[in-house]
Structures are given as structure tokens and as C-alpha cells.
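Several structures are given next for inspection.
The two complexes that follow have subunit A in common; it is paired with subunit B in the first and with subunit C in the second.
Then we have the complex of A and B:
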């Protein structure tokens, strides 16, 4: 198990390096440069700025190596557009916001998906199944920004109707602020997980070991928890890594719509302003984060399924 | 099986007129059509017949394991009888009451041990589960008991094995584990649904020996479902032969093997290889295939394949005829066959034992 973990971590580092290199290359292929839009830059100011950011040196290998070296030390440099702020500071400030939102959305998607999936499977072809599966199709096909707008509209109507401010429409600060964005953010993934869980549960319900459990006289609720759910949830855990990735990247849009000061919005703004260091910093950070999540999910899988943990 | 002198307390389980149907898109399948038998206390009853003849459905109906819908038990009764208390009717029992009997008074093992155990639970935990549910044992107590049970089914290093997962066991070992699970609460009846079909031959013999040894130690009664006559010869006291959802012949193993009175039973015998080097007869398959159970025939189900079929067979299925044997067979078990050849007006037919009641015990 430890060797497996170590191997996965090394693979992860290589993946992150690859992401960093690809981002670096892509960024330098984009036309324009970060100082191009600065007004009133004389040639001398411009030159001193370029020297400060290392832009006067050849892109490859000098800038690339400096970038890699800094990154290895965990230093993403100073933002081009935000005065006197290091990229590390910006990430440190914005990430917890995105993380809170993301964790809530993932929890919502995973729990909702597993429970709804199990529920529909056990009521196959009956009314709850038909209704939920119809909603699931909607959830999978409608993009999150549509849900975001509809959600906001619904909250406005709700507040109007009740005559008081039950839920905030946008912004950030309290737990109430997180609810709607997290719901919107998790919805698509939840729908996807519901469908997966349903088919996996349908398979498990007809397995021999569930029949054995019933032949042992195990009460239905216990059969559900100990025999059906645990085995049916395995494929769901497998896709949890990519699901977390989907939710995190989905966060870019949702954070913009709800005016949430998270990392997603920071990233989008950085791209618009061609803030080299901030783009690099956020991309590599996101990449590393997702790689780590996927590794964690795989380790979690081993914990749930002894065949993975003990086999080979 | 019925005895000649019938006393209810001699049986561990009796089944009467059981009928099971399944609703499918193609129509209703009449899987079990009026099946009755008795399991004598402490004995082994083998139910034999080809695939799809209703053997498994019969016992799963007793255990309440038939998914309903699409399944349906339309008629019949199954009574679990204990020497001490009153008989318990199994058919129509509520899930909660059924769960007090399953795993506790009736244990069951299945065909494929590789898929019959939960892959994500330790072996020990799966045995403990039965003990917790029925005996209210703590996990610690249960594990000690589980180790003892593994020991009893001849699994060595029970302590370590109890802490392993199913994928770390071979098929034969898993079937031993299944037996340990089934026997955890010392049930009165063990139902073994093709317990050796998925195992290779040497392992089959070991499992059968184990079941026999445990039966001697525990005194339980066994229903053994199989299509392997070799297994029947080795294990069974009594035999019921099923065909197309009905029991066509039943009696002591001795009577079924040597004095069969139904052409299907004889056909099965001729289609079974013998390991006697002297006996070099060609195996004779039974030509044709079993009838469509969507529309079961009104007459004898075996009519279309029977070499001795008569006109009457097509139109009506006879009730069981009792077969009489010479006094020297000190057999207490009733031998009966549902075949018109046992009627006293039936023509003499070679190879078929025609001592049917209809012929009178002359």
C-alpha cells in the first residue's frame, strides 16, 4: 500500500510538471504581452519592468528554467496586474473560498447521487424512479450557468413572496451565501452520479451474495447498508476523482455568476488581463490539486474494496 | 418422500401442492406445478432433474427467496416441523418472521461459492453476521464462534482465515465457508442448491464428504438439489425426480436407482456415465427437449419424449401410483410414480418396473 501511494505521488509530480510546461508554452504562444496595455510606459520604464519580471531574457531555456525553479520552491512570483501582491498571496486568499464551495458541492453531489441512485434502483420502474430519472436527464444536459440564473431567479421570487431575505442572491460571506452556488455547482455531477449509482445498484441487487444475505435471515435494512450499498458505491468512488475535477472547473462559471471571490474568478480575470504569473500560478495550483484529489480517491477506493487494497 | 406409516413428527419439512408462477413479458411461466414431498428427519432428500425443471425454484420458494413480482406462489403449503414445537407454515410468512427462520432453522448453500459471498466483507464477518442476527452475539464472541465453525468445516488456520476476504480463497474453500455460514446457528434443515456443480471433481468429493460428516454430527436433514446422479447415489437416502415442474417419481434412493417406475427416471439412468470398467454401454441421450412451461401440457410433460407414450398420456397426467416391492426390501419409504404404465391395464413394458398399485399387489 505504501509503495503504491509513493508510486502514485511520483506519477502525480510528473503530471504536474507536464501541466506546468504545457501552460508555459501555451501562454507564450498567445499574442501580446502583459505590459502592452500599460499606458504611459516609456521605453526605460518598460525595460526596467521587463528586467524585473525576467521578460528580457530568452523564453527558452532561461525563462522556463527560472519558472520551474521558482515553482519547485513553491514561489509563483508577483502578479503583473495586482500591485505588489504575490501570486501565492492571491491563491492563499481566494482558494479557501473556492474550496469551501467545492467541498459543499462535492458532498451534495456524492451524497445526493448515491442516495437517489439507490432509491431509484430499489423502486425500479415505479413512479419515484421515473420522476427522478427524468430530472436526472435534465440535470445532465443543462449547463450550470443556466441553473445558476434560474436559481437566482427562484431565490428572488422566494424572497419577494416571503417578504424577507431568506437567501442571498449573490455574494459571499455567510453559510447562506454558499447554499445556492453549491447546489448549482453540484447539480450536474449529482445527476451523473445518480445514474451511475442506479445502474450499479441494479446489478448488485441481483447478485448471489445479496441472495445469500437474505438466506441468512439478515433484515432488509441491514442487507441494504452492509451488502448492497457498499458494493454498489465502488464504481461511484472511481469517478469521484473526475467528478471533483468537473466541479472545480465548473466553479469558474458559477463563481462569476454569483460574484464569489474565489480562485475560479481570479483565474478567468487573470487570463483576460494576460497576467502571466497569475495564470501560471493558478493553473499549476489547480493541476496539482486535481492530481492530488484523484490520488486520494484511488486510495479511498482501496480502503473500501479489499481486492484493491490487498491484491497484487 | 412419504413413509408407508406416515407420522408428521418423522419429517423435518413437508411440502404440499406447491405452485409457483412467474409473470414475464412473454406470458406466465408455470415453473412449479403442484409439488409435494416430505423431508425425513436426519435424512438426505435429493431432488434431481434437468435444468429448468423447477428444482431451484421449489426450494427458493420455501426460503422466500423468489423475487415477487415477477414470481408468485399461487398455491401450496410448506411446513417446517420440529420435534418439540408446532409446525411452522413457511408459505405466506411475512419477511420479518421469515428472517427468524432463514439462517437460523434452515440454512442454505448455493451453486457458485465464488459469487455467493460478499466481496467486501471479511469471511469472519459474514459468519458473525448470522450469529449476530439470530443469537445477538457480540462481534468478539461471534468471531470466536466463527473460528470454531471454520475449524469444523476443516479450514486450517481459522484465526487468520476468518480475517481474510473471499478473493483470497479458492472455490472449494469458499464452499466450506458457505457451509460454515449456513451451519452457524445449527439449523434443522440444510438446503444445498447444486453445491458442487461449480467445483472440480476432487473438490466435489471433499465437499460431499464434509456435508455427510456434519450431518452425522449435527443430525440435520438435507435437501440436496442436483442433476448429478453420481452425487445422488453417494448422498441421498430419498430421491424425488422432477420433470417440467412436477415430481414424476419419488422413493428411496435404492428404489429409484434399481427399480425405477417412470420412463424419465430410466432415461436419466441410461444417460449417466458409469465408472464401472465392466460396464461399457453407450450413453443414451433423452431425445427432444422439455415442454414449454408457458403452456404446460395438460397430459404428461414427458409425453413428447417418452419411448413408451400411450394415447392416454397426452390427455391426462395420472396421480401418483404406489409401487410395491417384494417384502425383503425392508424399505419404509413409499415408492410412487406418476406414469400410466403403472396402471393395471397398461401393457407390459420391458425395463420399466411395473408394480404399480393399479396392478394390485398380486
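Then we have the complex of A and C:
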């Protein structure tokens, strides 16, 4: 088990290095000038700015090696756009926000997905199944910014109608602020998990051990919890890791619409502004986070399903 | 699995409870709250740079305009008035500012002439890498200090006493008093800023204030709260206790939803959200935001657009009225007819009334004639494709598509639209990798020269590299002349040359549309930042 963990960790580090290198190369190949601003700068200011960010040296190998060295020490430098802040500070402040939102969204997605999926499977081809699966298709095909805008409008209407602030329209700070964005953010994943859970549940429903349990006279609810759900949920756990990473990192539009100071928004703005240091910082951070999630899920999987552990 | 069931029910209970409990930010802290004298607003981005010696963007300068005060400022009627300076005198060779003795920093210390000397030296110090340093060129040795030829201590500004600031000029700057209202001229106190180094102005605690408000809370990316500055010298004139930028987002739809929900007192409108605002039958306000948009030409020697007859052909087919009314189609924009926007002040009244521009004309016959002349002069069989560089906003795209089809139809030219994000468009403009470009220019200070010197051969912002001795001559006249009427004549000549030589084709002067809480009064909109200005606003 320890050897397995160690091997996965080493693989992870190599993956992160690869992500960093590929991003570094892509970023420098994109045309455009990270120091360009609407007001033209004099040559001397330009040179001092370049020296400040180390852009006066050749991209390869100098800038690349400096970047790798700094990255190994966990230092991503000073942001180009937020000129007196270090990238580390920005990530440290923005990530917890995205993470809180992400955890709640994953909670919505996992609980909703598992329950709805089980419900559809048990009511196969009956009305609840048809309705839920129709909604699932909507959930998968409609992008989150549409839900975000619609959700926000719905809250405006709701507050208008009730004459009270039942839910905040946007902003950040209290638990209420998180509810709607988390729901919107988790909706796509919830729909996806519902479908996964449904097919996995359908397989389990007709297995021999379920039939045996029923024949033994086990109460239906206990059959559902112990024999069906527990076995059907395994594929859901597999995709949960990447889903957590996708949700915590994919919140750009939702964060923008709901005025949430998260990392997803920081990341996309960095790309739009060609903020070299912030692009590298956020990409490497997200990459490492994603890799870590995948490793964790693999380990968790071994814990839930002993066959995997024994097999390796 | 009882644990799961317990967890589920706990979650459900907490969700239901949270929905029932009154929201912490409830109606008590609404968009405008008269009892607590609080105003809540949206900020479109976290201010990127609040170190006034290095700020370049509108959001930072807007925030600075509420928490700091320079020698001069613009009042509610957009007239220049004293800030920290009580009175001043601008001469041909320099200027003197007498500072009021009751101006205080937020820690109670007096604002002195030394704070300005330190700030201005800091701006010119090459180590600061201030992108607006050039705006001080004209002060003695400014350029030399900025390029590192002389030490910052040799900058032509000194404190004759704690409350008298002496500035010496290399060349006359007739509008210098107006210039000092600009952000880079704001004071910075050395004993506070110097020890903090790069940390200065990176958080609310790492800043010192001398304006009507102070930053009391700044959660990066989430919220910026300004509270009344008890040490501000004219505290009696300030009504508001708090300006709360409670939401930071650039999403105009979210802004409008917040406004509709009564959470923010003002919302900017774009072409999409304008329709929602109209449906709600809200009163829509408009104002000229000061920016002139134009089609720029690449005047570099290897480019077809260097040919004047070709440029005239483009000009004679372009109808700014049709462009504004049918293509941009949001209300309020003015057709572009001159390098100088309509709001610009001249000697006494509006500049454009003192030196009226030539009306734009559309004449297909002559346009085709000039096009034919251009073709012969350039020795071409037929015209190769011409590249029109543009930004990636929906408005810019719409405009580029219109020009592409219009010039295709009227002149038979093959226009290739090159859509680029902001920084790449700038990079291509600077490198000269285009023929035509959709560009814009906003004012830095309240003098026609902020537009007038744009196409001087030495101006780095003249990215099309237009060069004309005649234009340069009149720009120098406008720079050096002290007599306001003579200057207006010089601007008139610049306006004429830009039109006759078709340096650019002005397309439109932008208007901003917004909705505002009906009880909110005293908000000042202006073309020169800080805009909007809430310093002296009140709630009815």
C-alpha cells in the first residue's frame, strides 16, 4: 500500500512538471505583450519593467530554469496585473473561497445524483424516471452560465415577490451567499452522476445477491441501502475525484456572475490579461490539485472495494 | 447506514434554517441607507494598483479619487478648485502652490509640500516604473530623471516651506494646475511609504489617506469599504459616512440584478442590459464618457494606407451618422466629426464652438475618383486585401463587419477583419502589423492637448506613426503658448490637418448609460477620472 502510494505520488510530480512546462511553452507562444498597456511606455520604463519581471532574459533556457527553480521552492513571483501582490498570496486568498463553494457544490451533486439516480433505476420507465431523465438531459446540455443568470433572476423575482431578502442575489460572506452559486455549479455534475448512478443501479438491481437477499426476506429498505446502493455507488466514487477538481476549478462564470472572489475567476482573468506569473501559478496549482484528487480517489477506491487493494 | 442518514437530515435542517433566518445583509443595509448614510455599489474589478505613483486604470483612479486629494480637484460643476492647495500661480517658467495648513493625513499628521516632492520624485524614479511618468515631462529634469540620466533629487520641484511647493518648468505648461488633479500627482508620505517598499498600498493598512474617505476594509476581489475620514479638512461638506463597494464583478447582468434587488445604488448598462432597464421603465441617465473612437490608419512607409488618396476614399464613403444610429444603435453616442470631442473646453466655451470642425461628407463619385488616383500612384493592377484590426468585444465585431461590407460594396475593396484580444491588438498596433484599426482614445487631463498631441511625430501613442511637420508645428504651439485664444487657434489647425490629411476617421464619441437610485443625489459624472465621483453625494 505504501509503495503504491509513493509510486502514485512520484507519477503525480512528473505530471505536474509536464503541465507546468507545457503551459510555460504555450503561454510564451501566444502573441501579445504582457506589459502592453493602452498608454505607450517609454523605452527606459519598458526596460525596467522587463527587468522587474525577468523578461529581459531569453525565454529558454534562462526564464524557464528560473521559473522551475522558483516553482520548486513554491514561489510564483509577483502578479503582472495586481502589481504589488505575490501570486502565492492571491492563490492563498482565492482558493479557500473556491474550495468552500466547490465542496458544497460537490455535496449537492453527489447527494442529488445518487438519490435521483437510484430513484430512476427503481422506477425504470415509469413517470419519475422519464421526468428526471428529461431534466438530466437539460442539466447536461445547458451550460452553467445560463443556469447562473436564470437562477439569479429567479432570486430577484423571489425577493421582489416576498418583499424580503430571502436569498442574496450576489456577493460573498455568509452561508446564504453560497447556496445558489453552489447549486448552479453542481447542477451539471449532478445530472451526470444521476445518469451514471442510474445505469450502475440497473445492473445491481438484477444481480443474484439482491435476489437472494429478497428471498431471505430482508426488508426492502435494507436491501436498498446494504445491497444495492453500496455496490452501485462505486463508479460514482471513481468519477467524484475529477468531478471535485472540475467543480472547484470550473467556477469561472459562476464566480463572475455571483461576484465571488474565487480562484476560477482569477485564473481566467489572468489568461485574458496575459498575466504570466499568475497564469503559471494558478495552472500549476490547479494541476497539482487535480492530480492529488485523482490519487486520493484511487486510494479511497481501494478502501471501499477490497478487490482493488488485493489486485494491486 | 445511520451515519449517512443523520448527516442527511442535519444538512436538510441546516439548509431549511438558513433559508428561514434573516439574511445578515438584509434590507437594513440596502443600496442607499439614509440613517447610517451608507451607499452600496458595484466595483467592476479589484483595484489593480492603489499606489498613486503607479496607477493607470480607471478603477484604481476612481478609488484613489475618494481616499486621496491632490493639489487641485474638480468640483461638482466640473470646475477646477483647490484641494490641498489653497491657491496657486502658474507662470511661464514654473508654478507655486500654497498649501492649506489644515489638510491632514488619516493619522492626523499635516499634509506638507514634502509629501508632494517625495511622490513626484517617486513617479520619475525609473525604479518605480511608473507608466504615467511622461505626463510630468515639462517639469524641469523630469525626463532626465525618468531615463536615469539624473538622480530623482534633481527633479524641478521643491518644498520652499512646509506649505509652499515650488515647481520649475523646462517648457511652459499652461494647464499645469489642471494637470495636478491627476492621480500620479497625488501626495505620498515618505516615512510611511518608503519602509513598506512594494507592500505599500497593497492592503488597507498599508495605505495612508488624505481624502474625504479612508479604506476601512479591503477583502481582495470581494469587497472594498470606504469610511468617512475624520481628519479631512473639509469634513463638513461630506454627507456620506460610508461608501461600500460590496460587490466586485464585471458582469453587467449581475450588476443590473443587484440594482433590481435594491442592493446597489447604480448600474451601468450595455446594449444587452439596456433593454431590461427599458422594460422596467427606469429612468436612464446618459453622459459623454470622454472617449473618442476612430478608424486609425497605418502610416508606415511600406503600407498602402500611407497613400492620402486611398485614405480620402475611405473617408468619403464613411457616414458617422449612419454608423452611430444604425450600427452601434445604443442611444446617446455622438457621431465622430473631429479629433476633439464635443465636451472639450476651449478658451471660454466649448472648443468645438470656437473652432467648428468641417462637417463630414459622403460622396461616392469623388471617393471612387480618389481610389483610382491611389491605385495609379501606388502602381497597382488592383488592390490587395486590406487588414482591419479590431478588438474582440461584440460591439467592435459589429462595427468591423459593417465597415468590411460597406467598403466592399462602395469601393470594391477586400477588407480582412483581424479580431484580437486587447493586449494582442495593442501589440499588433505597436508593431505596425495592420492597415486599418478600430481604436479609441480617452482623456488624461482636462485640456484639448490630451487629444491634440496624439498624432505628433514624437508621441509613442501615435501607433500608426503619422508624421507631419505642419502638425508637429501646431502641437508645439499649443504646448508652449500661454494665451488661451492663441492655443484654441492652434487646436483649430490641428483639427483641420487631421481632417484634411485624413490622419484618422473619427467614428463616434461614446456615451455611457446607467440607472441610479432615485434618492441618490450629488453624484458627479465626468470625462476626467475619478468618475463617477461620490465624494459629495447625499441621500434624499
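Everything below uses one rule, namely that the second predicted complex is superposed on the first by the 305 of 312 C-alpha atoms of A that agree within 3 Å, B and C clash if a C-alpha of one lies under 4 Å from a C-alpha of the other, contacts with A are read in each partner's own complex, and residues count from 1 in each chain.
By definition in this document, a contact is a pair of C-beta atoms (placed from the backbone, for glycine too) under 8 Å apart; a residue touches a chain by one contact, two chains touch by 3 or more.
This structure is a prediction, so every number in the text was calculated from the model and none was measured.
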For A:231, select first, second, both or neither according to whether it touches subunit B, subunit C, the two together, or no partner.
-> first
Of subunit C and subunit B, partner touching more subunit A residues = C
Of the two partner chains, subunit B (first) and subunit C (second), which one does A:153 touch, if any: first, second, both, or neither?
-> second
Give one of first, second, both or neither to describe whether A:15 is in contact with subunit B, with subunit C, with both, or with none.
-> neither
Subunit A-facing residues of subunit B, complex = 63-65, 95-96, 98-104, 107-108, 110, 112, 115-122, 129-130, 133-134, 165, 167-168, 178, 181
Where on subunit A does subunit C make contact in their complex?
-> 30-34, 36-42, 44-45, 48-49, 52, 78, 81-85, 90, 93-94, 97, 107, 111, 149, 152-153, 155-156, 159-160, 164-176, 179, 225, 256-262, 265-266, 272-274
Which of the residues in subunit A come into contact with subunit B in the complex?
-> 207-209, 211-220, 222, 226-227, 230-231, 234, 304-307, 310-311
Touching subunit A in the complex: which residues of subunit C?
-> 1, 8, 11, 15, 18-19, 22-27, 42, 46, 48-49, 51, 54, 56, 126-127, 129-134, 146-148, 198-202, 219-223, 246-251, 253-254, 257-258, 260-261, 263, 420-424, 426-428, 430, 444, 459-461, 463
